[in-house]
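Chain lettering (A, B, C and D) follows the sequence in which the chains are written, and residue indices restart at 1 in each chain.
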Amino acid sequence: MTTAEDAKETGRVEAFSDGVFAIAITLLVLELKVPHLDDGGGGRLAAALLREWPSYLAFVSSFASILIMWVNHHRMFTFIRRSDARFLYANGLLLFVVTLVPFPTAVLAEYFERPGSSVAAAAYAGTFVLASIAYNVLWLAAIGRGGKLLRPGVSSEQLEALTRRYRWGLPMYVLATMAAFVSVYLTIAICIGLWIFWVVAAWNA
Amino acid sequence: MTTAEDAKETGRVEAFSDGVFAIAITLLVLELKVPHLDDGGGGRLAAALLREWPSYLAFVSSFASILIMWVNHHRMFTFIRRSDARFLYANGLLLFVVTLVPFPTAVLAEYFERPGSSVAAAAYAGTFVLASIAYNVLWLAAIGRGGKLLRPGVSSEQLEALTRRYRWGLPMYVLATMAAFVSVYLTIAICIGLWIFWVVAAWNA
Amino acid sequence: MTTAEDAKETGRVEAFSDGVFAIAITLLVLELKVPHLDDGGGGRLAAALLREWPSYLAFVSSFASILIMWVNHHRMFTFIRRSDARFLYANGLLLFVVTLVPFPTAVLAEYFERPGSSVAAAAYAGTFVLASIAYNVLWLAAIGRGGKLLRPGVSSEQLEALTRRYRWGLPMYVLATMAAFVSVYLTIAICIGLWIFWVVAAWNA
Amino acid sequence: MTTAEDAKETGRVEAFSDGVFAIAITLLVLELKVPHLDDGGGGRLAAALLREWPSYLAFVSSFASILIMWVNHHRMFTFIRRSDARFLYANGLLLFVVTLVPFPTAVLAEYFERPGSSVAAAAYAGTFVLASIAYNVLWLAAIGRGGKLLRPGVSSEQLEALTRRYRWGLPMYVLATMAAFVSVYLTIAICIGLWIFWVVAAWNA
């Protein structure tokens, strides 16, 4: 296959993946519910909207997480020249976790300040444990088989730098999942702290 | 038309198709329902979430099926150079079945362990019978008319290899549909077995 | 601007439009409702599913209509080399009608066999009157301004052939809208007849 | 990196952004609710549909706003040659506000003619204040760092012209937000007036 056909082929994997990322990130808004008041009144509607803050927090947090996953995916694909079936299905596994995110987000928003919140937060952070595992599987599928999927000219230093930056993801998410049984706020703080770290690290790179 | 224009033209068919596949696969998550408990409590929320396992099974199974359909579609388009109206409408027929998948998935999730489960499972497997038929129609539209839609240099061996790998789809799905009246689990086992077979076959190709 | 930049620019208009078409066509499935039976039983679930036939008819009919609009849009863009703001907003007007389609579809599905069906059918066909008008506006924006948006080498015969094939759209949809007050079935028959005519005409072209 | 790789890289940012814009603009239709009448009848269904006019107004208004944001985004990207992490996250911030739009739209549609309308309208216009701020952040990320993300040959006159046309966005949206406490209609009139101004300005450019 020529280089142009290679580019077109991985281009379509990216297009499908972009579609899934874009839809999952946009579907999050469907979990924000319009409060139904029999008799609104300015103050009461404002109060009802503010009372939904766990939904907003879950929305912002999940939006940030999917955006970071997309940025990483985009970064990884700048190293990829072509795909094979193994890579396509590993990519599919990652997309599976991405499409799943709105569900634990909705569970967390509903149970944030109620009994059951630790189960909801563990399910939420646990989804990102799955996402980290899926990323590692995809990365192994990308760099395996003697590197034949990689763009020529990618140095092992570049590959290691990418590996290094994200190696904290899996242990931190496992920690966040266990922290749910101590405090829901601790789980959220670990997740958001990790995302701020990654954004700042990328910003200054 | 020049080669570049050809590439752009089929590129748009792929982009539209990718969009439909990506949305259908992501909409599946909307069928996962947050349990509404008056008084959660860790154990009760966990139990309520686990009780939804038929929804999770249907979600995973439908995700896998749409992903495999996308991989096949992607594979088929590597042989296609340009499109005509016949091919566009045959592609539209396949996309129709793809967009339909979330509905029988939701029906199956709701009735999996209740009376009516055999009808739900037959409708579920029957949707993949339709998908197989649509694939065959699309494939005939692609290779028909003297192969003028095909990329030059595609050998008849390559075409036959693709035809051969998927020729078990239609009879197996018909079998899965009939099996629904014996056991819902048998239907699901045939579908999932077929998908594992295809993924493993592609993985080792 | 160079030719490559032109292609990229209209490419993005097509990508955004494809996204809107793909989402609108896929959202239609959300209007198919899982029947909720207290005690299913094979026969009762089958009967409940069959009783939803107006939803299926509306789903098929709207899917076909959006698919045909997409095929026409795709065809039109093979004549277009670049875009300007006028063209972008005219395209936006068409996309507005496309995103609207799921709503009258849902209204028609709900009221098909009940009092109010003529209003529902008139709203349904009226949406396609709007779509026809939006197509004409877009087509005028595409061929206007001395043809500077057109790809060089497009002959006026090609433009006229495209104009001619779709000139029956607007009067037929107006007729279908008025027919709603005679019979809902007449409205649907006119719409579906028109779509079959277009598909067959394209198939044999 | 070569020019072709640059184009591919920003191409993917655009593809993901287009996906988010396309989905957000299409999800708006989900807020249009089919009226549920026990006994329809032509006149009663027509009346019930017309009574939903605030939903239609909010739908049209939000559709126009997202379309204009997309056109501006498209325009801005014709100046961009490549992206960096800072730009990707600034773009993500804008997409965050875009995905948010359906929620205040739904709140406004529900409370338009009821007590609480001023809070709903302030939240609605306030969302566009956020969008304006996000646009300015993205624009700064695009033209900052010595212009290394810009396409060579973009003149500072072109950059200033784009900056100039949209500098009224932020103060006008702040005004529209404050106007909500005087009259909801004034808020909507300012928003729609601004959009008409931008479309007309672009149309005549």
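As a working rule, a contact is a pair of C-beta atoms (placed from the backbone, for glycine too) under 8 Å apart; a residue touches a chain by one contact, two chains touch by 3 or more.
The structure presented is a predicted model; accordingly, all values stated were derived computationally and were not measured.
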Practice problem: Call it same or different for chain C and chain D: same when shared residue numbers make up over half of all numbers used at their interface. | Solution: different
Exercise. Among all other chains, pick the one whose mean CA position is farthest from the mean CA position of chain C.
Key: A
Quiz item: Can you give the whole-Å distance between the Cα centres of chain A and chain C?
Solution: 35
Quiz prompt | Inter-chain centre distance, chain A versus chain D - centres from mean C-alpha coordinates, in Å | solution = 24
Self-check item: Numbers and ranges of chain C residues touching at least 2 other chains
Solution: 15, 18-19, 22-23, 27, 30
Quiz item: For chain B, which residues are in contact with chain C within the complex?
Solution: 4-5, 8-9, 12-13, 15-16, 18-20, 22-24, 27, 30, 84-86, 88-89, 92, 95-96, 99-100, 102-103, 106-107, 110-111, 114-120, 123
Quiz item: Within the complex, which stretch of chain D touches chain C?
Solution: 7, 11, 14-15, 18-19, 21-23, 25-30, 32, 34, 36-37, 39-42, 44-46, 49, 60, 63, 67, 70-71, 74, 77-78, 199, 202-203, 205
